[in-house]
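Encoded as structure tokens, here's the structure I'll be asking about.
The letters A, B, C and D name the chains in turn, as written, and every chain counts its residues from 1.
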Amino acid sequence: MSKISVAVLGATGPIGQRFVQMLEGHPYFEVEGLYASERSDGKRFGDIVKIRDCEFSDETMGIRIKTMDIDRISKNAELVFSGIPSELAGPTESELAGKGMAVFTNAGSHRMDRHVPILIPEINPDHASSIEQQDTYGNGGYIVTNANCSSTGIAMPLFALDRKFGLDEVFVSTYQALSGAGYPGVPSLDAVGNVIPFIDKEEEKMESELTKILGGYSKDGFKPADFKVMANCARVPVVDGHLESLVIKFESSPSLEDISCALSEFRGEAQTLKLPSAPDAPIIVRTEKNRPQPIYDVLAGSPERAKGMASTVGRIRESNGFCKMFVLSHNTLRGGAGGSVLNAELFKAKGLLR
Amino acid sequence: MSKISVAVLGATGPIGQRFVQMLEGHPYFEVEGLYASERSDGKRFGDIVKIRDCEFSDETMGIRIKTMDIDRISKNAELVFSGIPSELAGPTESELAGKGMAVFTNAGSHRMDRHVPILIPEINPDHASSIEQQDTYGNGGYIVTNANCSSTGIAMPLFALDRKFGLDEVFVSTYQALSGAGYPGVPSLDAVGNVIPFIDKEEEKMESELTKILGGYSKDGFKPADFKVMANCARVPVVDGHLESLVIKFESSPSLEDISCALSEFRGEAQTLKLPSAPDAPIIVRTEKNRPQPIYDVLAGSPERAKGMASTVGRIRESNGFCKMFVLSHNTLRGGAGGSVLNAELFKAKGLLR
Amino acid sequence: MSKISVAVLGATGPIGQRFVQMLEGHPYFEVEGLYASERSDGKRFGDIVKIRDCEFSDETMGIRIKTMDIDRISKNAELVFSGIPSELAGPTESELAGKGMAVFTNAGSHRMDRHVPILIPEINPDHASSIEQQDTYGNGGYIVTNANCSSTGIAMPLFALDRKFGLDEVFVSTYQALSGAGYPGVPSLDAVGNVIPFIDKEEEKMESELTKILGGYSKDGFKPADFKVMANCARVPVVDGHLESLVIKFESSPSLEDISCALSEFRGEAQTLKLPSAPDAPIIVRTEKNRPQPIYDVLAGSPERAKGMASTVGRIRESNGFCKMFVLSHNTLRGGAGGSVLNAELFKAKGLLR
Amino acid sequence: MSKISVAVLGATGPIGQRFVQMLEGHPYFEVEGLYASERSDGKRFGDIVKIRDCEFSDETMGIRIKTMDIDRISKNAELVFSGIPSELAGPTESELAGKGMAVFTNAGSHRMDRHVPILIPEINPDHASSIEQQDTYGNGGYIVTNANCSSTGIAMPLFALDRKFGLDEVFVSTYQALSGAGYPGVPSLDAVGNVIPFIDKEEEKMESELTKILGGYSKDGFKPADFKVMANCARVPVVDGHLESLVIKFESSPSLEDISCALSEFRGEAQTLKLPSAPDAPIIVRTEKNRPQPIYDVLAGSPERAKGMASTVGRIRESNGFCKMFVLSHNTLRGGAGGSVLNAELFKAKGLLR
């Protein structure tokens, strides 16, 4: 069976590079071209790549970056992975969908659109049906988004707990990695030895995306779940890995053991279908008193090829009737490129790709 | 008027060094001796001091560290500032109080003792009367503690809001500086590029101390305030300055403007009495979208001599009926040595020192 | 006596901000205006300032940034301090000198010009006479440069040693701070936990500037000193303070004690004239086994107002007939704005300003 | 063919953990036991391991640490890899050799002993014959050391250049990683944003080890090579990877191209014998203007299993007749555990193990 040819947009940024990493030797997809802004036109991928924990094949290192040209892309590729910044992503992705393309994107521009899903295969595979209503684009094109990097990491644990115990209120504070700000991103003079308690639109995204992801979908649109999210977001001098503190008020009164079991036993459709990039267990529960930590745990707990695709939960505690925990996830893998690759794998496995 | 001679215990640690900084040229107090463990006996203060933002006089740099000897201390000094680790602090401070000494300590050992106050002059100066019940020590000796470094920073904003709007629930996540772990403290291999989501007993302290500080005192003991605190504590690679995210549920429904005013207009007895180390305004409200930040704001907003003694609040927002904000304070000044120096100044000003 | 009105160019960058810091309350100079690119036009200085170890007066914080307009500047100010990037500095500074202005600049553009001095008052105050030959600018205008930040730090120790023992070969490796790259400068993803062994044109500057600074001047131009410099330059994740390792081959064979004395006893014309920003001793020798260190020593060893204006030398050792040492200096104070302010003070003190 | 059973000493430290990493699935060696101080007795390896770029098998994670007991070790293991601190290593390793054991050690204690080789298979495989003269230990036991982490990285490039062009003088400045200081090692308060220009005995080691390694051996002992080394050593806030700046004076006058070729074409006996941990090319030459950098290059350029075993050279330049370059190597792999594992592989391949 021949592989599906895919284009990677925004291939020079941190998310774009992670797309290339996820797609090296992928069983379903084959990179047709890497696209970025004119500034990088003609450069070798190997000249711009900057990932600390990954090596690329010589072939990949030698690929030349091309300028984004929507006609060319839609003629040559069957599917698009988009890692372009949100400012650009809105119109570009609409145009590509308008040309009949399947667009799997990390950008936030279309996430809250009426029939665009924020898809996480372990949580809401049924939301995929929303693409049928994206007729504004015609020609069978559509857009599927992965969640914001901070929402993704806690979405799986929250879903695993919601369906068993019912979520009422979720208080989250983030300790977000520098790679989430793109490249060049945060100036080093602001980052070294500092915490920046502001990430543009991040709190708003978390407060609206999570209830959409865990909510329902019908032809009338998405119906958000009815728990509340209160988010505080901050940037810390960590390279990769968003750590998040959670305080949860449940509708019921589960024991800490119930909670721990619900998390570690959780499996979703990504696991049932054995999607290539799916981790064996989407949620890893650690019992040490001081984990998870970004530098030691951000890649852990998954098979080799799917490293960085699970959420790691630790320090599950109780206080005044609330449940507390810390959650770590990889912001440019599961919370970025990996999320969209997994979504495309779901579409392939379920025969939703044209 | 002659100055009161004071001994500094644990003078070689980060808190001890801050005591020395606060006491240089102090109008009330004069350092009689610096004391530490045997390992440092005879060393010059200048050989061990490590503070990035402060210079000491040649005279101070030349002071020789002495081994802690309780008889000697109680004979030579009138008052003790203690920056020794909690493991040691319990019995040592009891013994000193037993010798009739006034002990102002940063250690946590006695904070929850029945008649020992956790004193913050802007909040609960009336708690000072609890020392009259510390008769177990005899001879007029007593112990006064300052709050844990994470509790201190938010105690003033919480108090200013509680008395106006009534606190119901407080959710706090901390971004705590490395200097809070003492020296040598956190190994650099664990700190660089990392977040450690665990600080021993810190969450428990925050959840119990804050309600004691904001509660009442009668001869029967302390009566905690009745709001709830849910704390998540983490260490980040910052040198000085604890940043904390807050989500607050009030009993009433103040506007963001009401909240901001209540904070910036707040003054306490430390200001009324014009205590030497008291900041002009104990709470500074910043309106920029991305402040306060440890590297830029940890020392700001106070007169020269009392730098690092205020709490800085920023990003006051509303979400789902909850109020959100970030608070920054200096963990080894206001949240450490400075807290105890201010307490001793209150005692002096009110004639409570023998 | 009325003060001289000065304009600061490039006032929003790290060097520009240090100019403002050095000029607050200055006895000779008064800031007429702060100038920067159009992007900052109308912003308050307080909104852009980012210096970790310094506080500004409310008045300074409120100054509005103006767009650079050469006619306006030359009409309103008597003297210009320039902290603009080298790309822009060349023509802009020539134009200002052409309008008859005295330009004291940190930019590298004109440093190797035939009659433009790289002035360090402790070393080559006689080079100031070169401005008389800058007749290309007419109207009495001229340009005086301070040395590159890496050259400055070691220039004073090298000069103190050259005149006593004769330099033959100088091997220098730098550990340069992030603030030397300007703002936004180095992206944090490249800086955290890393060393970057390349700084554009820095090695070439060090290898040519030092021999010009320590050389002679006659009306025919500058005659470089005849020792050789071999430089390796690297950027490290430090905020302020360039540390440099030196290996020196002398023409004679001084003892380590001779070397140490020559350094610590060194004084120059800046000290004789008691220039306002001059440190009491331009070179501080430390004898501890592990100093100087950027975080502890970068500001030390000078009177309050002239902090960061000395070079600190440590670890003076011998190996195979070569002398080894480490030198630390503040790259945006002595090695930046402070260098030019001191130069202007020299001109004022010697009556060279029109 | 059955594998050789090996003991790892000091298994809880950074070097010990790297030994375990190098030995996982090793074709020649099988871990018989992990040994450390009493403090770690009975702990699982998985509970103490802290390596950011490596995952261990469940089996390895479950191994229990044992207290060092020389009789037990010498009875159960055929060969010892030692990662214990130098303070302890001296007598312990002598005792083990005295029991007839082959000891391959990273410790510095015996490096300058009369008949103990500092072995690097690419450079001086003939030095292995020195073990025949270690008769003081009797029973066929002997000690083989790998070089100090800073010496190792530059030893291969220096050797490749010495045999072609003749070394005269070598000036080296180091930018050394935190992992080189062991665990807990450097306190984070001293590391964040700082450079420490002192590493105990490091400069002395570099100045004496390199000439021993590149020198000759006869039954009378080692004869050092006759070039001179002048070293300045400093610690920077990098996790893994020692970067070093070099300035070299050759006896001849090679072109930069000659130098580059001599480095990249260099192969040694480790490559001829295809030792399992040997990199395909021991020296990698990079031509980008700003490489090598620790975070991007410390593991690169080698086959999967032998990651971190090559030296990467970049920025080869000329200045005043001297050659300048930067060299990067992995301080706990090639410069630590990997060095000794490669030495033991050489012994196995050449039939030198009993």
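One rule holds for everything that comes next: a residue touches a chain if its C-beta (ideal position, glycine included) is under 8 Å from a C-beta of that chain, and two chains touch if they have at least 3 such contacts.
These numbers were taken from a predicted model, which means no experiment stands behind them.
A.B. asks: If you tally the C-beta contacts, which comes out ahead, B-C or A-B?
C.D. replies: Of the two interfaces, B-C and A-B, more C-beta pairs touch across A-B.
A.B. asks: Which chain's centre, taken as the mean of its Cα atoms, is farthest from the centre of chain D?
C.D. replies: B
A.B. asks: Give, as an integer number of Å, the spacing between the C-alpha centres of chain C and chain A.
C.D. replies: Centre separation, chain A to chain C: 48 Å.
A.B. asks: I'd like to verify one number: the distance from the centre of chain A to the centre of chain B, where each centre is the average of its C-alpha atoms, in whole angstrom.
C.D. replies: Taking the mean C-alpha position of each chain, the two centres sit 41 Å apart.
A.B. asks: Can you list the chain C residues in contact with two or more other chains?
C.D. replies: 50, 190, 192-193, 237, 239, 295-296
A.B. asks: What residues on chain B touch chain A, complex-wise?
C.D. replies: For this pair, the touching residues of chain B are 171, 173, 175, 190, 193-198, 203, 207, 228-232, 234, 236-239, 243, 245-247, 289-296, 314-315, 317, 319-320, 322, 324, 326.
A.B. asks: Give the list of chain A residues in touch with chain D in this complex.
C.D. replies: Against chain D, the touching part of chain A is residues 47, 50, 52-53, 55, 192-193, 288, 295-296, 299-300.
A.B. asks: So in the complex, the part of chain B that touches chain D is made up of which residues?
C.D. replies: 14, 50, 178-179, 183-193, 237, 239
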